[in-house]
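Right, one structure below, let's go through it.
Letters are used for the chains, namely A, B, C and D, taken in the order the chains are written, and counting of residues starts over at 1 for each.
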Amino acid sequence: MLDADFFRRWMTAAAAAVDREAERLTALDSPIGDADHGSNLQRGFAAVVAALEKEAPATPGAVLQLAGRQLISTVGGASGPLYGTLLRRTGKTLGTDAAEVGEERLREALRAGVAAVATLGGAAPGDKTMLDALVPAVDALGESFAAAADAAERGAEATTPLRARKGRASYLGERSVGHRDPGATSAALLVAALAEAADV
Amino acid sequence: MLDADFFRRWMTAAAAAVDREAERLTALDSPIGDADHGSNLQRGFAAVVAALEKEAPATPGAVLQLAGRQLISTVGGASGPLYGTLLRRTGKTLGTDAAEVGEERLREALRAGVAAVATLGGAAPGDKTMLDALVPAVDALGESFAAAADAAERGAEATTPLRARKGRASYLGERSVGHRDPGATSAALLVAALAEAADV
Amino acid sequence: MRMLINVPETVVADALRGMAAAHPELIVDVENRVIVRRDAPVDGKVALVSGGGSGHEPLHGCFVGPGMLSAACPGEVFTSPVPDQMVRAAAAVDSGAGVLFVVKNYTGDVLNFDMAVELAEDEGIQVAKVLVDDDVAVSDSLYTAGRRGTGATLFVEKIAGAAAEEGRPLEQVESLARKVNDNSRSFGVALDACTTPAKGSPTFDLPAGELELGVGIHGEPGRERRAMMTSREIADFSVDAVLEDMNPRNPVLVLVNGMGATPLLELYGFNAEVQRRLAERGVPVARVLVGNYVTSLDMAGASVTLCQVDEELLRLYDAPVRTPGLRWGG
Amino acid sequence: MRMLINVPETVVADALRGMAAAHPELIVDVENRVIVRRDAPVDGKVALVSGGGSGHEPLHGCFVGPGMLSAACPGEVFTSPVPDQMVRAAAAVDSGAGVLFVVKNYTGDVLNFDMAVELAEDEGIQVAKVLVDDDVAVSDSLYTAGRRGTGATLFVEKIAGAAAEEGRPLEQVESLARKVNDNSRSFGVALDACTTPAKGSPTFDLPAGELELGVGIHGEPGRERRAMMTSREIADFSVDAVLEDMNPRNPVLVLVNGMGATPLLELYGFNAEVQRRLAERGVPVARVLVGNYVTSLDMAGASVTLCQVDEELLRLYDAPVRTPGLRWGG
């Protein structure tokens, strides 16, 4: 069973990963975007970690809802509302009562969160967005956290040959081909952080 | 004896030299100035040649006065009024009546022209200006045109170690040391063109 | 890094402090990142709120004032602001007559403003929204996020701002704003990339002797890279690109907009070529605005925006405006 | 060459054609290179004429209009105009009340304007002249051409322009202009060189991570090169340099001026630091103006100008002005 502490560890690990990879994310956002993805998420996850420390929410759902709200309030850009919605909807699906949740329940909640991202952004897999990492990750989650992380990473890598159809990269048309999507890359970091939290 | 034709040849040779060396003059004006000396003189001497063709003044004095007026009306910057005054005063000293002038008379007229430049700009030899080429050139003119050209060239070269006290280069203080003065360089071209006109 | 900054993290906050000192006629809330016209809310007046990533100044913050925006929400550099800012701005300027959000069509701006609409309505504020999407370099198709909002934003904010100042109700201000956007098209060219504080180096490498056609205002590359062109050729290309997408019979407002680092001297020269091309193409010109209005940090280049106007739109465009960035009339 | 131009030779003429199209309220004589306010000569009013090399826009051409200049004479890029232009301008705007030439202190400008004074007087026009020399980076000594004219030009033209608009006689307009100059000091910094059309490459090489302190507005290098500084440090250095040369007891006008390619976002941030330093140094501030006003093509950097004002100067500064580049009041 996964408790509030697990989800806090996830967020802390995500913040650390984003910190570590911020320059790379911004660099990826440069040829097909506006060179801010790394600093956007750095700012957001730092706020998440600070808020979690300050408010110490007691349940998994409360942790994720607070994290999602923080991302919405501090990131801006496309990724702020999208990642914010991902965590908030996942947390809402978990509810705020249960002190612990099972992996099966988390998988369902994440599926709902990813669906909310798709609805909000109107994107589908293959559009060269974070969904290209998130959707396969949720599918592989039935197997294991590590498998999900692998799937997300492979999904992110597979965005390179795609032509973007959503977000800023879509303005480039054919010129977006050959570049890895920054949001799919950060999504893979997020899933890897989940596996890291589970691995302790 | 030197006729109007001689002075027209001088101006044509000067225009050609300035055209040829325009980039170099602008480049010299870059570290210690504002990178326009070459294009300034190019514009000016092109106008001189065009005006001489159109108006075909009949005497040495008239040629130089027209040339000086053209420089004043088309060059701008520091060099426009200074070179314009040099030629205008030289021409005025020659007067507009004489169809031919001797070398001695030209030397005196040029001395008056150079003195007018010194008065107008308030500069003296050693201040790292066109005067560092013009003054020794007039002094050497008693010997020969070629000697004047040599003296001007040596004077221009000798501006390199000087610290500028007049014009734009003076703003740089010590940092003006080590750069050859663009105006002294163009003055040497002007004197060389005079020797060239005499050499035909 | 050749930037006049302290550290990238404080660029926006520093700028807001500097705006506060320069513009006593504005209330600049540095902490919450909201710029509000000092006399807001104005009784009975519809309020206009806009915002977007920073780095496009004078857009939007310097367009706050009588006759234009009621408030602006600056995000991080090239990053849409967050819903909290927009809700706070709406609450500060709403007189009860409602608020119009002017939103440039970028995924981030749209998502954040949409969230703000919901939140503001929860607080009992009547909100309408207009999307600006004038950039013909992007085709408005299933394969893109739709056309970007660029230079037309100025016309929308100016004209809708004048309508609001006249006391028109929200639906009218909204439909005028939409009409201005529908009547506007833009095309932009970059001669050099910009450098964002976060990245610290140019957002794209443009080899000497090449230029980017159809560029946006966020340092993103354009649709096409070509060998350097003259001002005349760029004007032909830009005007023709815009006219492929509109066919103005009425007179147009023309914005010849600098991207940031192109000298005004060059912009005026470019304007001469744009006007020549418009005349060749038979487009009647009502007004011409030349300058750095919708910028992209220190990007070199320019964009051309045309906005077809009828008598009413022209009257509203000419109406007095008093903001740090745009100012004319009574 | 990353310039939005046709060929270097036509840059100024092209810009003037573009200005003519954008500003019907001005008469732009492209051939003779004179920009005149459309209603000139204004009966009984002293006329203000300025000019200088192009590349500093909006200075001077965009400062022509009610409340500021009567006419401007643009030279080639960074090259003083020729006397013919100034005489033509003076003749076009003189109502009989006389003409004041506002001349930035550069050898070329001084020599050409001096010739113009003689020629204009020959034509029966009463002419006075004021030299602007505010740049503290240059010491005013026998070993220099004297201090350069930079940012203070805006204050001189604005305040003397307002005095002329009020109908003051030539001697008074002249002595006010001189007083504004005497009360003003500036200091400038470059983060990157500019590229002139004629040269086609940067006028000096600034290695990454260095800056030029005490730079002029013609692409000339500064007095000193240093390792890159923060906005805060540059503000301290610039304000302190200015205050070494003046000790304002009265309130000052502050111009935080962009050199051309520095984004407005950064300029506002720099202004925050300038204001902090002025407060630390106990200098009372009356007005703050932030923007690209006295530029140097696409140079990156900024300058700070302080002008100490009494009640009269402040009133004249605040008086209405209606030009393409500066516009406020009534």
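Just so it is clear, a contact is a pair of C-beta atoms (placed from the backbone, for glycine too) under 8 Å apart; a residue touches a chain by one contact, two chains touch by 3 or more.
Model, not experiment: these values are computed from the prediction.
Trainee: Based only on mean CA positions, could you tell me how far chain A sits from chain C in angstrom?
Mentor: Chain centroid spacing, chain A to chain C, equals 31 Å.
Trainee: Can you work out the whole-Å distance between the CA centroids of chain A and chain B?
Mentor: Here the centre of chain B sits 72 Å away from the centre of chain A.
Trainee: Can you give the whole-Å distance between the Cα centres of chain A and chain D?
Mentor: Each chain reduced to its C-alpha mean, chain A and chain D end up 53 Å apart.
Trainee: If I count partner chains per residue in chain D, which residues reach a count of at least 2?
Mentor: Chain D, residues with two or more chain partners: 77.
Trainee: Chains as vertices, touching pairs as edges: which of line, ring, star, complete or other describes this one?
Mentor: Looks like a simple chain-to-chain line, open at both ends.
Trainee: According to the definition of touch, which chains form touching pairs?
Mentor: Between chains, contact exists in these pairs: A-C, B-D, C-D.
Trainee: Which residues, counting only chain C, touch chain D once they are in their complex?
Mentor: These residues of chain C touch chain D: 1-7, 10-12, 14-19, 21-22, 54-55, 57-58, 62, 77, 191-192, 208-209, 211, 228, 230-232, 234, 256, 260-273, 275, 285, 288-290, 292, 295, 297-298, 300-302, 327-328.
Trainee: What part of chain D is in contact with chain B in the complex they form?
Mentor: Per the touch definition, chain D meets chain B at residues 8, 53, 75-84, 106-108, 111-112, 115, 137-138, 142-145, 148, 196, 198-199, 203-204, 216, 218-221, 223.
Trainee: What residues of chain B sit close enough to touch chain D in their complex?
Mentor: So the residues of chain B touching chain D come out as 26-27, 30-36, 38-40, 43, 72-82, 120-121, 163, 165-168, 170-173, 175.
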